[in-house]
Amino acid sequence: MTRPLALHPDRLFPAEARTRDIARALHAGVKDLPIISPHGHTDPSWFAYDHPFANPAELLVIPDHYVFRMLMSQGVPLDRLGIPTVDGSPTESDPRAIWRCFADHYYLFRGTPSRMWLDWVFAEAFGIDVGLEASTADHYYDVVDAALKTPAFRPRALFERFNIEVIATTEGPLDPLDHHRALRASGWEGRVVTAYRPDPVIDPQAINFAGNLRAFGEITGEDIATFAGYLRAHWKRRADFREAGATSTDHGHPSAFTANLAPADIETLYAKVLAGPVTSWEAELFRGHMLVEMARMSVEDGMVMQLHPGVHRSHNDAVLARFGRDKGGDIPTAGEFVHALKPLLDAYGNDPRLTLILFTLDEDVYSRELAPLAGHYPALRLGPPWWFHDSPEGMRRFRERVTETAGFYNTVGFNDDTRAFLSIPARHDVARRMDCAFLARLVAEHRLDEDEAQELAYALAYGLAKQAYKL
Amino acid sequence: MTRPLALHPDRLFPAEARTRDIARALHAGVKDLPIISPHGHTDPSWFAYDHPFANPAELLVIPDHYVFRMLMSQGVPLDRLGIPTVDGSPTESDPRAIWRCFADHYYLFRGTPSRMWLDWVFAEAFGIDVGLEASTADHYYDVVDAALKTPAFRPRALFERFNIEVIATTEGPLDPLDHHRALRASGWEGRVVTAYRPDPVIDPQAINFAGNLRAFGEITGEDIATFAGYLRAHWKRRADFREAGATSTDHGHPSAFTANLAPADIETLYAKVLAGPVTSWEAELFRGHMLVEMARMSVEDGMVMQLHPGVHRSHNDAVLARFGRDKGGDIPTAGEFVHALKPLLDAYGNDPRLTLILFTLDEDVYSRELAPLAGHYPALRLGPPWWFHDSPEGMRRFRERVTETAGFYNTVGFNDDTRAFLSIPARHDVARRMDCAFLARLVAEHRLDEDEAQELAYALAYGLAKQAYKL
Amino acid sequence: MTRPLALHPDRLFPAEARTRDIARALHAGVKDLPIISPHGHTDPSWFAYDHPFANPAELLVIPDHYVFRMLMSQGVPLDRLGIPTVDGSPTESDPRAIWRCFADHYYLFRGTPSRMWLDWVFAEAFGIDVGLEASTADHYYDVVDAALKTPAFRPRALFERFNIEVIATTEGPLDPLDHHRALRASGWEGRVVTAYRPDPVIDPQAINFAGNLRAFGEITGEDIATFAGYLRAHWKRRADFREAGATSTDHGHPSAFTANLAPADIETLYAKVLAGPVTSWEAELFRGHMLVEMARMSVEDGMVMQLHPGVHRSHNDAVLARFGRDKGGDIPTAGEFVHALKPLLDAYGNDPRLTLILFTLDEDVYSRELAPLAGHYPALRLGPPWWFHDSPEGMRRFRERVTETAGFYNTVGFNDDTRAFLSIPARHDVARRMDCAFLARLVAEHRLDEDEAQELAYALAYGLAKQAYKL
């Protein structure tokens, strides 16, 4: 017998009746607000060309590392899930077979946010009313596959249906931004902007760094043989990105380390970096100095800066070799911000023109380092709970540990940070519910008045993201 | 006036009525399941020879470091509690005096799991209905002492009464396994198995390491002068342990550090280790390499591997000198698994034949490192909250921090990890209640269906431990 | 329209009715107990001379780094808040303008403990019944200013009204203790004692360390050119402080590092320290050794020792240069106690004459290091959640993470640790409510009997602080 699928209107609200009623009321005031998605990884070509999505497996399984990492952890080879390989050697190519394998293992997601997001997609986006399991796999496949062939499931139609006011994609420094240009030229009115993520030309340990630098010179017409030329290339690309709507930059570094080298020292270091290879320490120093350069540029050009540090990327060598990067093998490491950020903060921490939004995967630093820093420096804001912590419990811990020292107004609302387009409304739904649940507890415990909670619910769902990201 | 003692049927369930009712229903489905105790420190001789326990103090105070560490912390000298000394110098020898001292200080345990376990033992095992305090000390002593003289309180009778399906003890690599052999020869049908804990011959900093190595050669008949012979000795002992029912190995290392040295390098290192003494780094390197060797053997012989890292053993020099090891002076230290485990995971992390169960006393790594690792690598599973965290709040934190990234199915149910035999059902009772309480919250917040929660409650109480440990 | 201001009698109690009722009942038993304030930073001259407080801004904004750090973090320059500068250059001097700026930004404190404390001060101390915002700023200013001119708002009258049984201030080793002497000579019966905080003559990296040492010699008449003389100076000052009522010492070190150097080694190091400058490591070693010396002296003279480690002081260079120390720019760093404290604990950890109270801003160490240490060593006690964690959620985390391993009786009740005199009853009110809420949950979950909870509520609100600090 199949299990019914229905999203309960009180999901994620506390069970205690008085608190739940407050949460309900707060949520009613924000649930229909448009979505501000200031940081994410959707593909601009979806919106530029509005092609239909291929099939259920290519939409919901193959690109979602949250999904396949869990199946892999329980012994399902990535080959069975159709993950493409680096060398092009074949993996499972039948989308229905992939879907069935996913359905067989769907119970593994019990208690995870993926389960909540996917159930939302199944029930809300596709109107399915039975739970996913082996016996319903084909029914699901057929319903989703048929829907994807209809105009209502084209990217732009979904964008509009999802009530997205603005969404930011993320592009690298070598991206020609053609999709964003095509998108604007198309006359479609959905607001899709880019964000400047220069890691491939800033991290000397990036794959093909030398080639990236050469291409960076070519795409900008600057002579990257000198540090001054290299900086000019960044200035130009930042301007290009702003033309494509960007209001922010993003930096994914192994740590939050920053450095502010004297001109002669950075010249020397840049020469070494150009010549390559450099030691780990030199690479760290270069990345650290470049964060300060990026802050310097942000002070000038007004782009909001985001820092996402502290991930050991592609921890699983065998998976990296066969399937490449971003295959669920990124593992967080312990973070440190107090000493790491000091050079940058000494330079620009008190400058009202800078906004630096900090993210972490190390929850320990929420109350110990991030909230005290953000509750002091005018330039700092705290990004929402990130990645593994984009989850009900992760959000609760974030608010509980951050609010008392940094308040609500040093945070920036929610980021979905996803390439799983259909999950975006589901993720914002979880965030809005959890923030309302948190506020409801403060009201129920007489720590906040209900009208204040209403203002805050609006700010957390909509206002703060728009303001912090200048959208 | 004495305080009544009665175990409330709703203990540890949330106060909120709807959630409590769900927890009750879930608990009703698992409370009578047999106990699987896959990791612990009970004494096989108890079951082999079925002698009665000596007296209340020797059963419940003297061997329980949870108990005497608390009294010591409040100024009660260990001498007054009859803890035996290294040099044999006398300490308190009157069990009733020890018991009275314990009773006088029983209020110190308010809010601790020891209090819950002990109250269970007093009420359920011994049928006592008043609380322990100075005025009831003698009553307690008399009741418990009288009970211990009856057949119903012999180890085997308790084993059966406690509904233990299987229990694992832990023995060192030099143990002749005579008690386990006697136990099997006895014809008694209780299932008591051993586990292989080779630390004394793997840790060059172990007490009497050189002597241990010699004895290891003798007990196996292998020439431990070469690394190959040393490895053969491990193979042999692992086979011996499997004959005594073992399905697992256990490794208590100062850190989770692993290393996979080239053959020539480990030969050289082993020669140094044999010659001794080695530096701290060489000791760490040898222990780290041996974890990879143990994983290699597990891949072959199927033994499940457990790693318990991160304890500063015997922190209190004065207590160590007078009373020896395991006297409540072990203190956890910060943990790191991402870099530490990489060599082992590079070698066997994707091998479906390996199961490596990780434990930690550093709760920070739950969400930061352990859940992401276990939610990716097929070989990894997460052990339950350990030692100081074998407690209601510890269990709650574990589920809250681990589940969203690793799910439930990358965890392995409950381990009691105790030498306090009578506390075993009490500990499983706490674990079952806390897991039901956690599941009930997910159901009450509409994050899980009740039938799913029932399946999970069964898995967490019984199924996962049996499966993960191949019992 | 203005928002009403009223303190709800159930504030901070859980919403769930049964638990709330238990919390209410527990709180009723402790809410009127006198305040024991064993550690803080009020100014003894207030009580010695009983002058009125100047005006609302100088009482409630300018000295409160919790307040101005938050405004600064949202872009309000400290100049606008009248914070005095190091070089005496002028900042805003109109207290009403400062107050209006504060009122404009009062919404920033939503969800923070400052909001709770301030609302208590406004409602309870000043009888105001509308919320603070731009439109009520002048009303507030007028009411508070008028009140401050009345005898009822003089320091001694407030002390009595607040039902303070004893309060400890904190003075440095060069303080002549004149205010404390004047206070005693005045015949007023309020009990105000000092505490010995010798950091300025113990930390070689302290500002003007050499000058401090010279003054230390002068004030004591000892020859601080030798280490023996330097120690004698400490002995003398400790005796002076005890005469001024001190029962404790306090040590604010960058880390918890301790060292117990051989006599020759500390002589050599002291000579270096005297000659200055020393390396960071030598400074750390000297501070670490001096903690052991302080413990040694405490064993003799009975003064309770407090350690407050782990803060990066004055992180913001620009703020330090313009406004000086203690301007909201102190940021916590990761802590370590297990190795750090071992030398001190090896020397005196088992000595029943020593009480060492540990504080931390790194909540990670609560369950990992501090509770296991305090649950073992007779000399150790755990101070309450400190500074950023002197907050409802901070208190809840402290009890949840510490109690199961260390119990309640290895903690020492509440410290307000503040220089914001009017907030003292508010802070104790929060602490008593949160402890009652925590105890109520244990009772509601049948983990503690209600009569035990009553005893504990009394101990946490009053008894333990009095006992641990020997007051």
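Worth a mention:
All chains are identified by letter, namely A, B and C, in their written order; residue positions are counted from 1 within each chain.
Note that a contact is a pair of C-beta atoms (placed from the backbone, for glycine too) under 8 Å apart; a residue touches a chain by one contact, two chains touch by 3 or more.
In this text the structure is predicted, and so the values were computed from the model without any measurement.
In a homomeric contact, the two copies may use the same or different surfaces; for chain A and chain B, under half of the interface residue numbers are shared, pointing to different surfaces. Note: Cα superposition of chain A onto chain C, rotation of 120 degrees, nearest 5. Separating the centre of chain A from that of chain B, both taken as means of CA atoms, is a distance of 40 Å. Chain contacts: chain C has residues 16, 364 touching two or more partner chains. Against chain C, the residues of chain B that register as touching in their complex are 3, 7-8, 10-16, 69-70, 72-75, 107-113, 116, 131, 312, 315-319, 328-334, 361-364, 388-389, 391-394.
The residues of chain C lying in touch with chain B in their complex are 16, 18-19, 336, 338-339, 342, 345-346, 349-350, 352, 364, 367-369, 371-378, 380, 400-401, 403-410, 441-442, 444-449, 451-452, 455-456.
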